[in-house]
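There are structures below to look over.
Paired with subunit B in one complex and with subunit C in the other, subunit A is shared by the two complexes that follow.
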Partner chain A sequence: MQLNKKAILFTIDALFALMLCLSFFLYINYYFFSNDGNPYAQYDLLKVSEDYLTILEKSNSLSYILNSGNLTYMRDYIDTLSVNYCANLTILDSSNVPQYSVSKTGCLNSDQYVISRRVFINNLDPYMANMKVWYYAK
Partner chain B sequence: MKLIKLKFKHKNAQIFSIDLIFAITLFMGILLTIATLWNIINEKIIFKNERDNFEITARNILSLLILTEGYPSNWSEDVDSIGLTTSLSQNQYNSTYKNRANALDNRGAWNLDVSKINQLINMNYTISKKYLGLFNPYENYYLVLSLYEGESFQKMYTIGISPYANTTQVINHNRFALLNNVPVYVNLKIWKECEEGLCN
Partner chain C sequence: MQNKKGFLFTLITFLLMFSILIFAKSYLHNQISLSESIVRSNSFSRLFYIENDILSNTFYELLKVRLDSITRSSDVIIRFNHSELSHAVAYETVASNYKDYIENTYSSKVNLDIALDGFNNSFVIRPYNTRFLIDGQNLYLFFSPPYASINSISIYAVTNSERMGNCDSPIGDGSGTLITQTFEDKTGWTCTNSKLLNAIENNGKPDKQFYLSLKNPPGSMEVKFGQVSGVNGVLAILTSNSHVNITELSLTYDLDPNKVYLESGSISIGKNKTSKIILAQE
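Moving on, here comes the complex of A and B:
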């Protein structure tokens, strides 16, 4: 019995086309819908950092820390941040010398962070506050 | 010999028919697979776009509420824009010094006004949705303001409708502000009702 060679080639061709189509759709599915996390993660971190530092400055808490040296107050305050966030607040004088630094309890350092800065006046002297925020990593 | 010849007279047609059926089956299979995948991926694209729009809307709403005073700045019912911050102006009507540096000021951006919070609570919910940019009748918001009370934030004001239990699309976004010099945790949820009872 002779085989119909054209028919066999046609089937292989169809199989090849099918594999190509399926690969294409699987790739689209994976590329567009793989869980790549929150695309606004960095933006959200920056807003948290900016907001927190702003309200600390506007409520005179930064001046209070400088004048009283009460780091417990500051740590209690930073600890109220959501469990997803870690933070470090550092206050520097006009020569960039750190005066106080407080970190949220139970947080390890990370290299994926954002920093916001705010300059404020205390007793006629300028100071800078840096708020470093990053996501909590287990 | 004649019998053998007769038997194999239509050998091409026999093999061709099987091959054709196989090819058709394969082709239909490919077509059905593509159609199914096309629908699935299309739905995912629509869902993702909707979610992305919600994410942007949530962030815009919170920025609008905690960074702007609204227009006019003493807005109540007749309003062009909603904002919850204290007014920068002297006459409490229109701010003419919006570009004034307010680093040492306790008015303006991040400083919330209790009276405006109450205005928003008393405002018709459907109208407030439109002012915040939620035009679809099935879209909703739920705003919670919690005040710092020494060790934690305690819920003080809630505005809007809390998400239903069967809601599938809920976007959560948080920021911080001040209310009478007290830190406030502002949480906003944007969520979508199931349209006509059908959920995604």
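Moving on, here comes the complex of A and C:
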């Protein structure tokens, strides 16, 4: 009876220690892999925004938006981003004056974002597209 | 007995703590090296992205010059299928404005020192060292001596004006480079002439070779080869008061074992990356 009690105590102690260790590692993982401020998340956002801007430029969509002023097309395009991402796209002229700007539907602003830029030429003048991307948060 | 238990407890605690410490240290080390490799890879891909951003398709968008193909068989043929000549466009200014924009505005936005050295409205066809220069109404090709490597040049130019009279063509030199020119006016009328011209002869008669007068609006289009304005080995496509689209410009060279590429100056990004601006290569 004495021995069984000790075994139960030992098992409970071991389980308690295991839970403590697991909590500790979960906390560490949460700290390292949370979206706020870790380099992996920033890198991911950067890649997404650069890819989007490259596609927009190569498909002449940026010039089309600029020449047509079709903001619906611009928003439709940015709305195709995965639900995890939010974004704002702004087109600036060579004097850095914003010409057009749209944000993804249903997104709130965030302090944690990444900006990518893409220069393109329209009617022989240089323009710049800025894309600000951040993770979707409710 | 109690002392022994205490000693055992201390030892086990010490071993546990030590193993946790080692684990934490190795975890930290892995995290740091992973972060470093991400940062490194990110900075490389960022430089690549910036270079691609500045240069991809830029020459076509700025200067409206488009390379169609570079083919190699018994000789090397370089074909351009689009160049626009117009009195309304100053390509030198366009290229210069873009260079200023990249070196100042764009550079400050991406927080990197960027320099476009030798970037202008021209490029060089290597290894033949032929300089291609487009300047508003005129397009020049400056060939390098000896001029024997350029075998033939074919030009097809379409204008949005109407012809006035027929095409003039020069008296051939009997040897040299075969120049074939076709002019097309807005009605679809065409004239084609072909002559062997020497690269060091002044083939002007007195100031025109392949020539067509234009009306509505009044102007002209002209192709010269040889000594132009005192410089040997020049092909000049000159227009006046007209919008001309050169839908074909083919250059046939002798075979050269080296790869053909089009170069226009160099680009420096930050302190670590400097490379030639290669517009196209075989």
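Here, the second predicted complex is superposed on the first by the 99 of 138 C-alpha atoms of A that agree within 3 Å, B and C clash if a C-alpha of one lies under 4 Å from a C-alpha of the other, contacts with A are read in each partner's own complex, and residues count from 1 in each chain.
What we mean here is this: contacts are C-beta pairs under 8 Å (C-beta built on N, C-alpha and C of every residue); 3 or more make two chains touch, one makes a residue touch a chain.
None of these values were measured; they are calculated from a predicted model.
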item	value
Partner chain(s) touched by A:82 [first = subunit B, second = subunit C, both, neither]	first
Which of subunit B and subunit C A:55 touches, first, second, both or neither	first
Touching partner for A:40 - first (subunit B), second (subunit C), both, neither	both
Touched subunit A residues, subunit B compared with subunit C	B
First, second, both or neither for A:121, with subunit B first and subunit C second	both
Subunit B versus subunit C as contact partner of A:96, first or second or both or neither	second
Overlapping contact positions on subunit A, where the subunit C interface meets the subunit B interface	28, 32, 39-40, 43, 54, 58, 118-121
Residue numbers on subunit C that touch subunit A, as the complex places them	27, 31, 35, 38-39, 42, 46, 49, 52-54, 56-58, 61-62, 89, 94, 97-98, 101-102, 105-106, 109-110
Complex interface listing, subunit A residues touching subunit B	1-4, 7-8, 10-11, 14-15, 17-18, 21-22, 25, 28-29, 32-33, 39-40, 43-44, 47-48, 51-52, 54-55, 57-60, 76-77, 80, 82, 118-121
Subunit C contact footprint on subunit A (complex, rising order)	28, 32, 39-40, 43, 46, 50, 54, 58, 94, 96, 117-121, 124-126, 128
Complex contacts: residues of subunit B adjacent to subunit A	8, 11-12, 15-16, 19-20, 22-23, 26-27, 29-30, 33-34, 37-38, 40-41, 44-45, 48, 52, 55, 59, 66, 103-104, 106, 110-111, 148, 150-153, 173-178, 181-185
